[in-house]
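You will see two complexes here that share chain A, one where it goes with chain B and one where it goes with chain C.
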Partner chain A sequence: MTAINITDWNTWYGDFQVLNNINSEFKDKSITAIVGPSGCGKTTLLRSLNRTAELTDNFRYEGSILVYGHNIYADKAEDARRHIGLVYQTPVALPLSIQENVLFGPRYYGERKRDRLTAIVENCLTQAALWDEVKDKLNKPAFELSGGQKQRLSIARALAVNPQLLLLDEPCSSLDPLSTGLIEELLVKLAMNLPIIIVTHNLFQARRIANETVFMLNGKIIEKDLTQTMFNNPSNEATRSFFSGAIG
Partner chain B sequence: MNKVIDSFLIIIFWGSGLFLLLSLISLIAYLIVQGGSALSLDFLRLSPAGSPLGTEGGILPAIRGTLHLILIALTVAIIPALFTGIYLTEYAQPSFLLNTMEVLIQSMAGVPSIITGLFVYAWGVVQLGWGISLLAGGIALGIMIFPVMVISIRDCLRAVDSDYRLAGAALGVSPAYMLWRIILPQSWRAIISSILLAMGYAAGATAPIMVTAAAISSPTSGNLLEPVMALPYHLYILFNEHISLDNAYATALLLVIMLLILNSAALALTHNGTKSRR
Partner chain C sequence: MNNNVGNTFFKIISAVIAFTCSLLLIAVLFFMLRESLPVWQMTRPLAFLSGTDWSPIYPPIQLGIGSMLASTLWVAFGALIIAIPLALACAIFLAEYAPQWLAQLLRPALTVLTGIPSVVYGFLGAAVLVKFFEIKFQVSSGESLFAASIVLAFMVLPYIVVNSESAIRAVPPEYKLSALAVGVSKPYVTMKVIVPLAKKGVLGSIALAFGRAAGETMAVLMIAGNVLRFPESWFSRGEPLSALIALEIGSAVPHSLHYQALFAVGLVLILVVTIINILINYLVNNNEMPRY
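Moving on to the complex of A and B:
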């Protein structure tokens, strides 16, 4: 089943065109990796998918993005962002306790019942593979956590508002291999229930966890296929050069 | 060569710091030597007396007047300054309007305070018929500290890590919720401290109240439509009319002590704030 349909998608920052006629589909319950050299538009594409690209000055777009058949640009931006989780490159621990970091979204959306809140905390931290490490210090300030733990906390915070899909922008680029491994493992588990799109600079990471891989260059999607095929037998010459390390 | 430049810079840094410190210390020391003996408990709790008025007695009405003026100035300025600062950092999208606002606020902060005073004189004192009064002086001081407060409150809010705002935006929460849960808890100490600094600025300002509020002698009852005495103006009169240099120095010393207390409180607040966040 298709989770996301992107049609004739073009975006600009001022006069500079960042994305050029993107047409693509992303599958439900699977991980799609977006790879490509710096400045190719990966992050802008990702941020177009939950309407945070608009937070940058002078952003303009044309085209449409449907998530489960629904045009996310027809609603208010806040509604789209609520339903589409985004985890940034830099782990962000809000200056609150660990528990309140997870509950930051649910409280805003009106969840008041104590037992529901407790359940959300345990459930989301468990899904983010952080529960065992923090269950005895839920009321401690979140800034005491390590970088890898903070990133898993960011994932738990995103999961707490029941997103329809989860976007991650190079979530492991500032983390050590052990934390990276933990996050990759949890993403594979999460992908059994919702679509995940991850921008990564790490081709090995794409190969380890992504069902499909998208290769972008100069604001265009050059090729998109099963990850296996992209690595072993790409049809495009530029893709081959990138995956072999000749460009990048 | 770099070493020479480095040592040269270090000498300049030390020199500048020393210059600042010595200016402040010598100013305070001079005031203590000249005015310390006249600054007694009686001086603080008596009204001016003698002939000409001010040669004897104390400055209680002037202290009270200055406190009243600050209170009114804050009442006038705090709410608009806080909300303008919040609007500028948390709500306004980059636009021509925003740039214009920034320029206007900067220019407003640069308006000489005597002009603010004359404006309130023409508008409040004369046109609205308040007369020389506590109300007119408080409003003049309020208008004077408003842009300064906007700028410092804006900077306090801007100093909060913008990653928090991005994380909030990614969850679709409103700016108001972000403000209430994250931004204000992170910045309230700095905001209070900038309000204290603005109070100090208002306490020392003479020009705006000269033409709107201040009197050589007034019981300073707190009546909004009566003239008031104020510390900086009293000081100016004592000195300018050669009434009593001793009392002028004592008044100056008191004013400086008040400002030092306000500024140290402001510093202590922000300092503790940074420590607890680390």
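Moving on to the complex of A and C:
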């Protein structure tokens, strides 16, 4: 089944066109990796998908993005964002306790029942593979956590509002191999229930966890296929040279 | 040039400058203390601070600055109570919501406000605010600590706005982006994330504003009423410490007890501002400030 349909998607920052006629589909319950050289528009594509791109003043777009058949640009931006979680590259702990970081969204959406809130905290932290490390200090300030823990906390925060979709922008680029491994493992588990799109500069990471891989270049999607195929037998010359250059 | 030598040279210069600055502060304190020494030998500090009779020239000599100290505190804290909410709202608006053209118009305007001499504020306060109170409330004199607080609030407002706004702007954008990505509204992010992260800078600007408000003389002198009575409320008339010094130093005979007592008043004023600053600093450092 298709989770996301992107049709004729073009975006600009001012006069500068960043994404150029993107047409693509993303599968449900699977991990898709987006790779490509720096500046090719990967972040912009993710930010288009959860409607935070428009927070940049001079951002413009054309085209449509459907999530489970629903045009997300028809909603209020806040509602669209709520259903499409996005975790950024830099690990961010909001200036709140660990627990309140997770409840940041649910409280805004009016969840008041104590047992519901407690359940959300435990459930999301468990899914983000952080529960065991923090269960005894839920009320401690979150900024005391390590970078890897903060990143998992960001994932828990995104999960707490029940997203239909999880996007991650180079989530492991500032983390050590151990934290990276933890996050990859939890993403694979999460992908049993919801579609995940991850931008990564680490091709090995794409190969380890992604069912499909997208290769972008200069604001265009050049090729998209099963990860296996992309690595072993890409049909496009640019893809081939990117993968071989980066690997060998 | 050898880099190491340059480094050492730079360090020495910095140390000398830092030392000179601290020395200057200590010298001022020392001078004030020396000039006022006979006062401290004559009265206990606590009696000096809490006494409400001020008669430094004609016997029986009474040296109590309680009324003036209370006036200073009323005026300065009152100014902060008025200024802080307004200034914070203004700073948040400028940093987060104002369209660029408006912010570019308002920022220089605020800077200009800080440059207006205090005598002009005092004059405007006396001509407009005090008159307004007289007409509105049918009183013979509209001067009060409250009126002085209002005028002072406008004087310190630009300081709080400008410094708080830069503190808010200094919050790295990742915080806002990550918080907004959950699908919450911008005001929610502002109040729960951005302002707490900017708290350090905001409190710093408030400390600065308190110092200015407590030390401000000219405007206060023209508006507060200048009576040497204990101010029962914010709406009483009173004479803050700074006004007391300004009004009496001209007529005080050098090295008389009166003269020395005024130095003691100055010393108290410095200490009050310093203590408040230390308290705010303590608040800043002990509040488990989030790092970024």
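Basically, the second predicted complex is superposed on the first by the 245 of 248 C-alpha atoms of A that agree within 3 Å, B and C clash if a C-alpha of one lies under 4 Å from a C-alpha of the other, contacts with A are read in each partner's own complex, and residues count from 1 in each chain.
By our rule, a residue touches a chain if its C-beta (ideal position, glycine included) is under 8 Å from a C-beta of that chain, and two chains touch if they have at least 3 such contacts.
If you're wondering where the values come from, they're calculated on a predicted model, not measured in any experiment.
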Superposed partners chain B and chain C on chain A - clash or fit: clash
First (chain B), second (chain C), both or neither touched by A:K224: neither
Which superposed partner A:S154 touches (first chain B, second chain C, both, neither): both
Shared contact residues on chain A - chain B and chain C: 50, 52, 55, 78-83, 85-88, 90, 92, 94-96, 104-105, 108, 154, 157-158, 161
For the chain B and chain A complex, residues of the former touching the latter: 94, 163-164, 166-174, 177, 181-182, 185-186, 277
Complex interface listing, chain A residues touching chain B: 50, 52, 55, 57, 77-83, 85-88, 90, 92, 94-96, 104-105, 108, 154, 157-158, 161
Of all residues in chain A, those that touch chain C in their complex: 50, 52, 55, 78-83, 85-88, 90, 92-96, 104-105, 108, 141, 143, 154, 157-158, 160-161
Chain A contact footprint on chain C (complex, rising order): 172, 174-175, 177-185, 188, 192-193, 196-197, 288, 290-292
